[in-house]
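Labels run A, B, C and D following the written order; every chain starts at residue 1.
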Amino acid sequence: MNPWIAIGALAVMGVGIPLGMMAVSAILRPSVPEQGKSAIYESGEIPTGTTRIRFNIQYYMVALLFVIFDIETVLIFPWTVIYRSALESGVGLGKVLFPMLLFIGILTMPLVWAWRNGAVEWVKSPRATSRKVEGES
Amino acid sequence: MSLPSVTATLLQSGGALPEWTALAPTLALALTALALLLVDSISPETKNNALLAGTTAVGSFVSLAFSGWYLAAGTGQSGTGGEIVLYGEALVVDGMYLFFSAIFASVAAMVAIASYDYLAGKEYQGEFYALTMLAATGMTLMASANSLASAFVALELASLPSYALVAFLKKNKGSVEAGLKYFLIGALSSAIFVFGISLVYAVTGSLLFSDVAEALGETELVGVAGVGVLMIAGGFAFKTASVPFHFWAPEAYEGAPAPISGFLSSASKAAGFAVAFRVFVEAFSLSAIPEGINWVILFQILAVVTMTLGNFAAATQDTVKRMLAYSSIGQAGYVLIGLAALAGGASSQNGDVMGAAMAHLFVYGFMNTGAFLFIALTEHWGIGRTFEDFNGLASKAPMACAAMALFMFSLAGLPVGGGFFSKYFLFANAVFAGFWWLAALGAINSALSLFYYSRVVKAMWIEDATSEFEIRSKPVGLYAGIMIAAVGTFLLLPAFGPIIETAQTAASALFGA
Amino acid sequence: MAAFDYAPVIVLLPFLSFLVAIGTAIFARGKNVLPKGGALPGIVAMAGALLLSIWMFVTVEAQGAYDQTLYTWASGPGEGTFTLTFGVLVDQLSAMMLVIVTLVSLLVHVFSLGYMNDEDETGLPRYYAGLGLFSASMLGFVVADNLLMAFMFFELVGLCSWLLIGFWFREPGPPSAAKKAFLVTRFGDYFFLIGVVAVFATFGTSQFSPIGGMEAFPVLAEEALTGSAEGINTFGFDAATWFNIVGLLVLGGVVGKSAQFPLHTWLPDAMEGPTPVSALIHAATMVAAGVFLVARMYGFYALIPTTLAIIAFIGGFTALFAATMGVVKREIKQVLAYSTISQYGYMMLALGGGGYVAATFHLMTHAFFKALLFLGAGSVIIAMHHNENMWDMGGLKERMPVTYYTFLSGSLALAGIFPFAGFWSKDEVLYETLVHGLGGSPLLLAAYAMGLLAVFFTGFYTFRMVLLTFHGEPRSETARNPHGVRWNVKGPLVVLGVLAATAGFANLVPVEKLTGANVDFLHDWLYHGPETLNGEHYSTLLHDVAGYTAADFSVLISAAVSLGMALAGVGLAWMLYNDPSPEEHTAKLGAVKDLWYHNYYQDEFQVWLAETGGLGIARGSDKFDQGVVDGVVNGVSSVSLFSGSRVKRVQTGVVSNYAALLTLGVVVLMVALGLYGGWFL
Amino acid sequence: MVPAQWYLLLAAAVFCIGVFGVLTRSNALMFLMSVELMLNAANINFVAFSLQWGNVTGQTFGLFTMAIAAAEVAIGIGIILVLYRNFRDTDVTSATTMRW
């Protein structure tokens, strides 16, 4: 059997279900047009401006810190996959565990550095002392 | 060194030291980088420039000492059992790695010493040195990469800190613009590079050089492999600032802090060549690769276009730093002869040509770094950037100007510094290998280069000062850096014999001869 | 060998006086630091050099010759490379020359006290510096033990002549005369330089005699011609032919320095220099250098009869040619100048004619009597307040007797009247040429004939000069009341006057023939040189290799003929000019007078030659240089700069363009390599 | 199993889209995103051919690529930030003080 049939069926289902739901609800619900209904929902706030607003640059630091942990995870993942089987096949603990400890250790160092250099401090006003806040990497 | 000594056999292959110690040149640089980060973590506000620069310089010298020791002791060389392969064949230590490590470490040391003055009073000093060391670590890894994966990672490890370093002067428009351009072209190039790797992987199913070479010999997907090889060559062309991947270089070298310009144009370029030499000789070896993938022609085109474009553009520059930037492109063209003047089969000339190119890179590391450090000195003094601004400088600072004249003439290939022999050997070996036209083009370009190099000397020594300027101080660090480079450049004239011998032995080992 | 250790000092002493004088001239300008304007250091140095030279002479007599390499300034590694050295060679020839040069130079220094100091000239330190360097260069040339070193000092001599002839550089004449002297001799030296290179290329050495591990090129050449040559590169020529070429190239320098036809034109002009300098140039140093060089490497020239014949012919022709021009000159120094050219012609004649000893002998006697004549002329010039025209003189005999009698002694020597020095030497020159000519070289006979005829003219112009200057009635106010001269002028004149009368006794060949007494001292002296550098060796070579044979001919007949010719010339002069108020008889010569007066139009001819030929070539070269060479260079550079300025426009500064060009580049390369490698099939 | 050439074509298409973005977008962030697209095209190849060849080299390398891409972006955003501070714009074509 052609393996593409499953993918095709998945695609049909994926597109069909939302379209079907929208169609069903459009048929069932009464139509009462009102301005408030077409407004953007902002938890009760009155929306201002466009969607293209600037975020505070300090989010950038948070994002970067996230990247560190993200990459750490990505690179640790294959190691975790083989960890047990490697141990079972007789590779010593030192040879399996130590490199990863070294890796994490090296990664910790920049984290400490970033911490010490104020990457996680939230400065109230970006114009006030902005020293060492948005240092790269 | 072809002389195996008793201690040589006892180092790594004999069991006196564990095998991983063969990577000591790299480890020294990496540990220095971490130490610098540690210092900066402990006291983030530190402006203890002497400590930071000193640590960096010491780390570089330690790395240099390891390289020298291993080279002398024969680590990873044919005399003591051949190359040392580490970490699942991802890295390899041989004569070529040690030779290039010596280049990177010496350039890094000079840059660190000179930066002591250049960075005085600036912020983020710790980061500066740490990034420099990280980049140097990446470069040594590039020289030791034995798989496309480690080559890519090492290349990025060298590149990413470089981007930040070029844009280091955050308030300087030129520096930021240079960093942006370097980064964007670099990102594009590395994307092309990694796509090339993926194509080669698609064809061969492996990233290890030896396996790639083996699989390429049997493949039928010549087209895919060819495109992959071309794209990988593109990645190296970016690192070495070869046409058409050179566009970042003039701006990056001009805008970057001058010590970084020297670092990038000497060490980073050498690193690009180091990995290119190894990849193209081992993974895409001429004896195994399909007929259709003729990368020698590719490098011939690149060499000719690069040296011509670099020299012609350099001849018409107004600012000295940008002239040096373009001339550095031209110099890359000469070194490309090391890949372009290769012949198929097991020609013994191949090792000689490539060795000559390596020796040129070695000498170039001193003379070009020295030239950029001189620019750093003028920037430190705050005199202008154009040739006219250099008028009459020799009367104010004769020592530094004498050193600069030495660099310029040596770069042009006059017999005042090692540049004479390295260029001579490069062209001569190209002629011996049968590529006389490459050598002839190189010689013509050298003649042209004499024109613009001598403009600097003329301005400094012959012209009268057009504007009044005061030299406020004679910074010790910058002077020391320049003098180390000058002494190195000069001493390489009489001491060129061992260098070319080592380089050619290392290159020949690569060719398996 | 203690004595010879001081040989370099002979050269260094005058050089030291040069340094002292030049140092004074530079650092103490205008201040009278040195007494006598620097003359005293020069005199002391030359006196010391003279004493040392005499010591050398005596030591050579006692111990034989000395040859020592002092300094090797360039040496190649291993076989087939050249070793360039400075060395000292003191043998019979150079020891004799050392004495002559130092003696004449010393006397010239002393005389300069009268000629320069007493006349209140300015720039005296510069003058004495020049004299010192001049003497040092000549002495260095004399003791040189290889051709390259000889060439270097030869050039230094030329430089010094330029400095000294142009001493009065603020006047119009001297600088141009100096320039002419320098350029004309340089023209000859150019060939000499090529000759030196040719000697090196041919033999790999330029030593005059074998020393240490180095061979001598005359010896090598001899071996080449006698059949056992090794390692000699004759560039595809027959060995004899090639040696002739090399010999002629070196001869170029000789002809220039010794003022032989056709490069003699600089010498009369050089009279613009101070008279003591003229004495030094003509008697002992510069002009003598050329002849000395041929004598020095006579072992080489004796191998090549063709070149010898050319030398003899040039010499004979120059002797006659210059003598005729001397006949009509009005200035006393001009007459002497042409007589110098003529006399050096005799020496060349002797060398070419196989008379090595004769040439050396004449070189020696001529050094004395010509120095004497020039110094005497200098004395006259002082007396005449620097008026040199003989027609304004007359009757000086009574007013300056010392000058007169010494000058007369020199004149008799120059004219070759028995028993003055010139008689003996000139007679031997002519005799040697004659016997070798009769022995089978008709060309030598022609040269001999010219030389013999010149004897007549020599006698004539010499005594015309003497009679016009010293005899008759004074023809001008200054001649009636001449400026007096002091001891420092008279002293050297007396010394040289005695020598001019007696120097001939050094080699009394005719007397020996007559009486059998062994009185040819110079002959014996020169025959006892080093193995390859003595007269006996040379005569063997001449006989065996060059094929010169001496016919049996009486020396007395030859001497009688030449003496008769001389006396005829003197007699004619006496007839024409021994008159209280002599007339110019030159009009009787008709067109010949103009020809002689204008020096056979040689200057004009050479200028014409230079202007038509030389200028044409120069213009052509200039065109080629400006048009083709510069054009190509400028073209390349402007094309480079232009294309550079275009190429760099690619760098637009916009990073998006870079990305586009980069992508384009990759695509182009991909398509090119793909089509080439067939990736798309 | 899907034939290999389709992966190659898909990757090439993604790569070309990335190149197109690089060439046409002047906003630095868009430039960066396009480069990411190109890197991901390579990742497609790696993962696909990892499966094809039956080894995990490609997959691992894909992880490396992602890590490096992240680091690249981190640096890139920093540079874009200082670019904005100096030129008041994130347009890559605005920084043209150096040329020729």
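Some observations on this one:
To be clear about the criterion, contacts are C-beta pairs under 8 Å (C-beta built on N, C-alpha and C of every residue); 3 or more make two chains touch, one makes a residue touch a chain.
Labels paired with UniProt names: A = NADH-quinone oxidoreductase subunit A; B = NADH-quinone oxidoreductase subunit N; C = NADH-quinone oxidoreductase subunit L; D = NADH-quinone oxidoreductase subunit NuoK.
Since we're looking at a predicted model, the values are computed, not measured.
When C-beta pairs in contact are tallied for every pair of chains, the largest tally goes to B-D. Distance from per-chain Cα centroids to the pooled protein Cα centroid is smallest for B.
With centres set at the average Cα position, the gap from subunit B to subunit C is 63 Å. For the pair subunit A and subunit B, the distance between C-alpha centroids works out to 39 Å. Taking the mean of the C-alpha atoms as each chain's centre, subunit C and subunit D sit 86 Å apart. In terms of their C-alpha centroids, the spacing between subunit B and subunit D amounts to 26 Å.
For subunit C, residues that reach two or more other chains under the stated contact definition are 648, 651, 653, 655, 659.
Each of residues 22, 60, 71, 75, 78-79, 92, 95-99 in subunit D touches at least two other chains.
Across the assembly, subunit A contributes residues 135-137 that each touch 2 or more other chains. Chains touching one another, given as pairs, are A-B, A-D, B-C, B-D, C-D. Those residues of subunit A whose C-beta lies close enough to touch subunit B in the complex are 106, 109-110, 112-113, 116-118, 131-132, 135-137.
Note for the complex: subunit D touches subunit C at residues 19, 22-23, 26, 92-93, 95-100.
If you check the complex, the residues on subunit C that touch subunit D are 648-649, 651-656, 659-660, 663. Against subunit D, in their complex, subunit B makes its touches with residues 149, 152-153, 156, 160, 163-164, 167, 170-171, 173-174, 176-181, 183-184, 187-188, 190-192, 194-195, 197-199, 201-202, 205-207, 224, 250-251, 254-255, 322. Note for the complex: subunit B touches subunit C at residues 180-181, 184-185, 188-189, 192, 222-223, 226-227, 230-231, 234, 243-245, 247-248, 250-251, 291-294, 297-298, 301, 309, 311-317, 326, 448, 451.
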